[in-house]
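In the two complexes that follow, chain A is the common piece, with chain B as its partner first and chain C second.
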Partner chain A sequence: MKKLKNVGVYTFLSIAAIVSIFPFLWMVVSMTNKSVDVTKGRLLPGSHLIENLNVLFESVNMVTALVNSTIIALITTFLTLLIGSLAGYGFEIYRTPGKDKVFNILLLSMMIPFAAIMIPLYRLFGRLSSTVPFLGIDTLAAVILPTVITAFFIFLFRQNTKMFAKELVEAGRIDGLSELGIFFRIYVPTMKTTYAAAAIIAFMNSWNNYLWPLVVLQSPEKQTIPLLISNLGAGYTPDFGVIMTAIVIGTLPTAVVFFVMQKYFVEGMMGSVKG
Partner chain B sequence: MSKVVKRTNLPYTINLKSSGSWLKKNYIGWLFILIAAAGICLFYFYPMVQALLLSFQSGMGANLEYVGLDNYVRLFKDPTFIAALRNTFLYLLIQVPLMIILALFLSVLLNNATLKFKGFFRTAIFLPCVTSLVAYAVLFKYLFGENGLINQFLLNLSIISQPLNWLSDPLLAKIAIIIAITWRWTGYNMIFYLSALQNIDKSMYEAAEIDGASSLQKFFYITVPMLKPIILFTSIISTIGTLQIFDEIMNITNGGPGNATLSISMYIYNLSFEYSPDFGYAATVSYVIVILVVLLSLIQFKVAGDKK
Partner chain C sequence: MMRFSQLRIWLLVVAVVTVLALAACSSDETSGGEAEPDKITAWAWDPHFNIAALEIAKESYGKDLELDVIENAQDDIVQKLNTGLSSGSMKGMPNIVLIEDQRAQGFLQSYPDAFFPIDEYFNLDDFAPYKLEPTSFDGKQYGLPFDTGVTGLYFRTDYFKEAGYTKEDLMNITWERYIEIGKDVKAKTGKDMMTLDPNDLGIIRVMIQSAGSWYMKEDGKTVNLVDNEPLRKAFENYKAMMEADFIKANSDWSQFLAAFNNGDVATVPSGNWITPSIEAEDSQAGKWAVAPIPKLDIEGSVNASNLGGSSFYVLNIPGKEKAAEFLGKTFGSNKEFYQDLVLEVGALGTYTPASDGEAYQTENEFFGGQSVTSDFSKWMEEIPSVNYGLHTYAIEDILVAEMQNYLKGKNLDDVLADAQAQAEAQLK
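Now for the complex of A and B:
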């Protein structure tokens, strides 16, 4: 009976694992195949990888998209961490009833669906286009700005600050550090784990963001990886081998981040619940 | 999410002895918060108010004028909106429970101390979360293609006798979307449950075993009640996510065939950027999502009966 049950458990888990992994294997294999073979569902590696890469990097704007996505993701991650941790620290260390009220109001923004604010945001950046062109529609700044300040990260940092030894703040004051000095010299180095976890989430969110860039970016030389993949997939004569190559390259950074920092990754997810 | 509305009354960490420096520190504390608070007001609360005002206006592009409640009346007579609403609810009612049950089941299996290859299974099932929504959506579009691997697999096993038109049949297209979303998000939810399972006191299970409880009884009388807060959290997150579903629909079916898979978010996008732009009406449709998010979250809190 026990044995039979075990066989069932392993079979079920194996099926779940295969179903989860299979699409990854298929996209990696398809990256080396011709378009025709991909549509036929060929599961063996082919010899078309170089050609696919050539098309992607020469006739499609893959390099530009990679550069755009990287710039956006890095700036977004940096600003998200800076602003989010400053606020999370501020709410917890300088806690007053008034700040708690503000905190609760800010958290309400987590309930706001992006679709509801997308149109006003688009119009806001549209108005900026005429007065401050470097912030308007079709700029990387417009992609970045609305995404760097989210209640989620304030919440995450505040929850983790609860575990930060407050005596360190007092010690810093006695040592004559300014309040901001305490934050940068003591808090930031002690909270490396939280920063790592938050960085992963922020980077992945930004790298994978689709709807807002789709709305706000217009010219092909501004497009990001998800926009490029989506455009390739929606074309009239899609080259499936090339699309698969783009998907693999687009997924690679987040997959690497995941495997290298798996521990922080899960911790970051949990950081939003615990406390 | 349950923590969001909770107010704790822990002692404040500020040194209240010297009121002068307290005032100064309180003031500095506000400066730490300033950028974040201003940003959220500018990029969340201000647009929400703008969207509300827009929802009472109508017209093409920038030529908007106030029309009172016309947009809201239009909602009820708009077959496309009703189709989008119905589809979104279908995804919500079928996909979210399906995924949560599957994730719970997987996490309980993986929580077994004697299980081998635990790390492999966990990593494998979580792996879909590293893909971007667009990337996996395009991938699934081809997997579900007429000559796609899913049809080939089913044909080889003789489950079907001829290829299914996954993406051009209204019902099958919905099923394809549900399968795709479940693939992407089950592992994500599973990780939450796994971590919560590790916090359950083992002695509860031991006591239940002494009393002769079966695995099923242990699951329903210990595991599920202990995981209730986290199940509530994940179901609210999934509900909010599903109500806003866009990337998958756009890239797998583009809303088709007809409007068979169209979601509310995609309809808002089409109204604003695909058809001749009607921002006013689009804002009205978007407020439907806002109302649904608030209502459904409240209902879930009530149903879960969580005192927090």
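Now for the complex of A and C:
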């Protein structure tokens, strides 16, 4: 009887595994096929990989896009973590009247879809273009700034800070550390897992971000990976083999980041639940 | 209790931020005051088609002009234009942008000041008349017509031969005749007649434009569904085709391409821009031909229609004169350039003086030696002109749902009346 149950469980799990792995498998296989074969749904690896890579690296700015995406994702991740953790720490550690009200309002901002604030944001950066250098449409700052302060990360850090032993803060103060010193020398090292989890999410969000970079970046040399992939599919006769190749290459960095930090990710996310 | 020094720093920060914000808001950045830029930019979406066309235009222009052609997917261009124009900030907008004809009125009417009229830069009479209506607004010409979406009935000569039909049997037929033939072909060869995406009523638009009708009346605003005889006929044909069981359903572009690349369908009624996709399958060379698109069985319908097609627009920002002159001297008047366009890109423009050029007569071996370009340009001149208006895609969303009800058995009068009511309520 138990064996029968096991068979059922394994069948279900196998089906679930196939369903989730198949698209990736197909993506990788299609990377080696001609466009016509991809549309025909060919499932066997072909011999077109080198051609696809050649087209990708010669006809479009794949390298530039990779560099752009990397720079934007790294800066965004760093700033998001810094601001999110400072704010989350502040909300939890310090006692200020009305801080919970402020925090609730902050959480409400998570409900506003980005599309709703996109036009005002564009207007803002459009105006800044003519007054402040390096801060208008089509600049690095314009892509990064609106995405680094998010209620989600402040919330994540605040919840995790609940597990942080507040006695350490007292101890730091007695030992004569400044408030920032306590944050950087005591809090940051103890909260490594939370930082790792947040880093994965922030990196992925930034790497996959589409809408805002799309409207705010204009020059082709500033294009990010999702924009490049979108352009590849733009023509009346898209080359699906090349598109799949670009997608596989574009997915690798997030996969690497995830696998490297996977161990911390689960711990970090657990923290916010337990709190 | 905050210390005084801290408080002062905070006040200073708040003051600086406020000043910056105010400075940013008060600055006036309308186009007038800015200098002419050295280079002009253009947005288009297909590197093998309209982008390639712009590059050829740049070469043929002769004059020293720095033109930066930027590739963006079509939906991305729509998104970027909408965001930019509705924010009122022309920063980052291109000088020239390619817009699909069926969307153009939406942009022109929503942001009339954002575009630059270009009547003076080319001769309107040189272009296919059906193309001028959607590209102009309020008596002014804003778009320079580019490619035509003239339709044709692509068909597999080998399948039809097997079923006992010749090419002549498909010339200038009605959709009713098409359905009869389709049933026969399916019975004899087992092949489906065509592939359709149930969420895209392109075929309905092709049918009604062949009779000079559209979802809206000539003013482009009044919803025209309930007493629209061509539309009624088109719906009936659509249902008859579904019931004839020779439609292979597809759910996206790649499946659409796959259906004929795989040889699963006998015909592809589509815009001429599908030619390269059909030619992509080398093994089918010589097995295709193109006939005129079928017409509706009513008075006034012709064997010519349109699906898609786009035009160039100049934005009202510094560099507009340069951009308009460039378009006028190339796409607007250069016959030789159009020959290059046909030979190198396979793009068929709507500039009628170009059609007697040599390149247009070239025989295409993939289509069994047929002069496809020349045929298409003949049909192009017969396309009835309609005003696509503002809401083509909004109304089509309603019709897609109502079409499903109709297929399930709802009465056609109710279908059209309900669609009309929904459209009127939504577009009020």
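Keep this in mind: the second predicted complex is superposed on the first by the 253 of 275 C-alpha atoms of A that agree within 3 Å, B and C clash if a C-alpha of one lies under 4 Å from a C-alpha of the other, contacts with A are read in each partner's own complex, and residues count from 1 in each chain.
By definition in this document, a contact is a pair of C-beta atoms (placed from the backbone, for glycine too) under 8 Å apart; a residue touches a chain by one contact, two chains touch by 3 or more.
Note that the structure is predicted; figures quoted are calculated from it, not measured.
With chain A as the common reference for superposition, the partners chain B and chain C occupy clashing space. Once the two complexes are overlaid on the shared chain, A:251 sits against chain B while remaining clear of chain C. By the touch criterion defined above, A:84 lies against chain B but remains apart from chain C after alignment on the C-alpha atoms of chain A. The partner that reaches more residues of chain A, of the two candidates chain B and chain C, is B.
Using the contact criterion defined above for the overlaid structures, shared-chain residue A:112 touches chain B, although it does not reach chain C.
In the superposed model, A:184 lies in contact with neither chain B nor chain C. When the two structures are aligned on the shared chain, A:12 is found in touch with chain B, with no touch to chain C. Contacts of A:134 after superposition on the shared chain: neither chain B nor chain C is touched. In the superposition on chain A, contact of A:226 is made with chain B only, not with chain C. When both complexes are overlaid on chain A, the residue A:236 reaches chain C alone and has no touch with chain B.
In the superposition on chain A, A:20 makes contact with chain B only, while chain C stays out of contact range.
Overlaying the two complexes on chain A leaves one chain C stretch of 7-15, 25-33, 61-69 or 79-87 clashing with chain B, which is 79-87. When the two complexes are superposed on chain A, the residues of chain A that touch both chain B and chain C are 38-41, 118-120, 122-124, 211, 215, 227, 230, 233-234, 240.
Against chain A, the residues of chain C that register as touching in their complex are 20, 23-25, 27, 29, 41, 45-49, 70-74, 76, 79-80, 83-84, 86-92, 94, 253-255, 257-258, 261-262, 273-274, 276-277, 280-281. Considering their complex, residues 9, 12-13, 16-17, 19-21, 23-24, 26-27, 38-41, 43, 83-84, 86-87, 89-96, 99-100, 102, 104, 106-107, 109-124, 145-146, 148-151, 154-155, 159, 166, 170, 179, 183, 204, 207-208, 210-211, 215, 225-227, 229-230, 232-234, 240, 243, 247, 250-251, 254-255, 257-258, 262, 266, 269-270, 273, 275 of chain A touch chain B. Here chain A touches chain C in the complex through residues 35-36, 38-41, 59, 118-120, 122-132, 136-138, 211, 214-216, 218-220, 227, 230-231, 233-238, 240, going by the rule given at the top. Put simply, chain B touches chain A in their complex at residues 3-5, 7, 12-15, 25-26, 28-33, 35-37, 39-40, 43-48, 50-51, 54, 106, 109-110, 112, 115, 120-121, 123-136, 138-143, 145, 147-149, 152, 183, 187-188, 191-192, 195, 230, 233, 240, 243-244, 246-247, 250-251, 254, 264-265, 268-269, 272-273, 279, 282-283, 286-287, 289-290, 293-294, 297.
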